[in-house]
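Each chain carries a letter (A, B, C and D) given by its place in the written order, and its residues are counted from 1.
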Amino acid sequence: MISHSYKIRINYSDTDKMGFVHHSNYARIYENARWELLREIGIPYSKIEELGIFMPVVDMSFKFIKPAFYDDVLTVTTTILEFPTSRIKFKFELKNEVGEIINVAKLTCAFIDSITSKPQRPPKILLEKLNLNSVSK
Amino acid sequence: MISHSYKIRINYSDTDKMGFVHHSNYARIYENARWELLREIGIPYSKIEELGIFMPVVDMSFKFIKPAFYDDVLTVTTTILEFPTSRIKFKFELKNEVGEIINVAKLTCAFIDSITSKPQRPPKILLEKLNLNSVSK
Amino acid sequence: MISHSYKIRINYSDTDKMGFVHHSNYARIYENARWELLREIGIPYSKIEELGIFMPVVDMSFKFIKPAFYDDVLTVTTTILEFPTSRIKFKFELKNEVGEIINVAKLTCAFIDSITSKPQRPPKILLEKLNLNSVSK
Amino acid sequence: MISHSYKIRINYSDTDKMGFVHHSNYARIYENARWELLREIGIPYSKIEELGIFMPVVDMSFKFIKPAFYDDVLTVTTTILEFPTSRIKFKFELKNEVGEIINVAKLTCAFIDSITSKPQRPPKILLEKLNLNSVSK
């Protein structure tokens, strides 16, 4: 199972008048996290787009356990849940500075042709990397 | 069952380099939609906050069926799924100009005290309005 | 001088932990306002992009006089300051519900080819409309 | 003169359908940059808010020289232009990976009481740090 963690800092513009991080921003946090995972295994998402493939979101779900606040340094852990055939599934976990899980999410991306929007097989280079990593880890 | 529909126009800043509405923006579309529903029954969300109650999101899930594009005029339909006790559940449906459903979502809000963040009963005025409306509709 | 006013309502996601509308959101408010002006004179911005022309922002400046708050209904007035040659200049004014000016801004857009990014003359249909309107108003 | 540079990576959600970073996002980039400068001199902005002081934006202006793209790693340089009395002025410069300046901006923040919104003197700890640094640099 391929997994990846990194730290992010909450920006002022991410907050709302409740003083919490607005719920719409978690989708942006997790988008950055999954592309950081791909960068780490050597296939930045920008490279996938250069191959003529887009990876739009097909479904996503979030559970909000505790709020996040301005200037918090959070740890995002991204895991690839299912080896991609025509879709790829991610799981996310967000921890605050004292190690409490404050948010969890699941998300599915499709692979589509960037011109025709038709479903595609994942790029070979991605399959090879994922396969290689899943063996080695 | 209380339900409410209205039309929105997609802004340029809602799009991303794929040319689609970025998936993080649906949470903002549906936030506006549920507060428009409350406004329609006579309890704007700003009034609920004035009573010292916040309604943060507890969970949300989205299914992306077709993309939305710049300048599209979409119809959002919001339905209250469960009569609130300590939480309230909404269902959303987004249709494009030819009447196709392009996105569906479910979302739960809690009622919390704006100072202590402790769970609260929904404000009486909201319960009365929802009750009244659920009878009359 | 071509001018256009319309009302907008401030969304919850536009606020930050100060309780004010975050300053980055004014650029989005004014973007919608200038494309509403173009729509009003019969040339929606989407039509300009269909002609292969983008109108990126070249410069913008804002003066924040009073804050805006959640659920405020504001009036945006957009004026075309300079008749477009290779660029077009807009002026914006934002008023609150009691008629006070709370924000003013100026902004310049260029006309560029959507493929080559090279500067372009404005589309003829826009020039004709602006000319016609500037005469008739 | 106090100055501070750091690198940021452009997120997917920052782009629009032109393929460029949407102009509204520069205000967010520069907000993070000025608070990183304050953090560097030992006064994180969160500490200023804890002292009961907000620093809302009073004016800002941007010049867009070249577009920024998804996944670009940009260098933001923030400089404090004027020693704060009741306001503080910042200057920003954004460079792409080949060292070209792609955006410049100026921005003024006020100091206000977080309860009354009345203008305030800057916090003493900030004045001391800025003074110390301006001497030592």
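Note that in this section a contact is a pair of C-beta atoms (placed from the backbone, for glycine too) under 8 Å apart; a residue touches a chain by one contact, two chains touch by 3 or more.
Every value quoted in this text rests on a predicted model; they were computed, and no experiment measured them.
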item	value
Chain whose average C-alpha position is farthest from subunit A's own	C
Subunit D against subunit A, contact positions shared by both copies (same if over half, else different)	same
Whole-Å separation of chain centres (CA-atom averages), subunit A against subunit D	28
Separation of mean Cα positions, subunit D and subunit C [Å, integer]	25
Touching two or more other chains - residues of subunit A	12-13, 18, 24, 27-28, 31, 70
Subunit B-touching residues of subunit C, taken from the complex the two chains share	11-13, 27-28, 31-32, 35, 44-46, 70-71
In the complex with subunit B, residue positions of subunit A that touch it	18, 20, 23-25, 27-28, 31, 54, 56-64, 67, 114, 117
Interfacial residue positions of subunit C with respect to subunit A in the complex	12-13, 15-19, 22, 24, 70
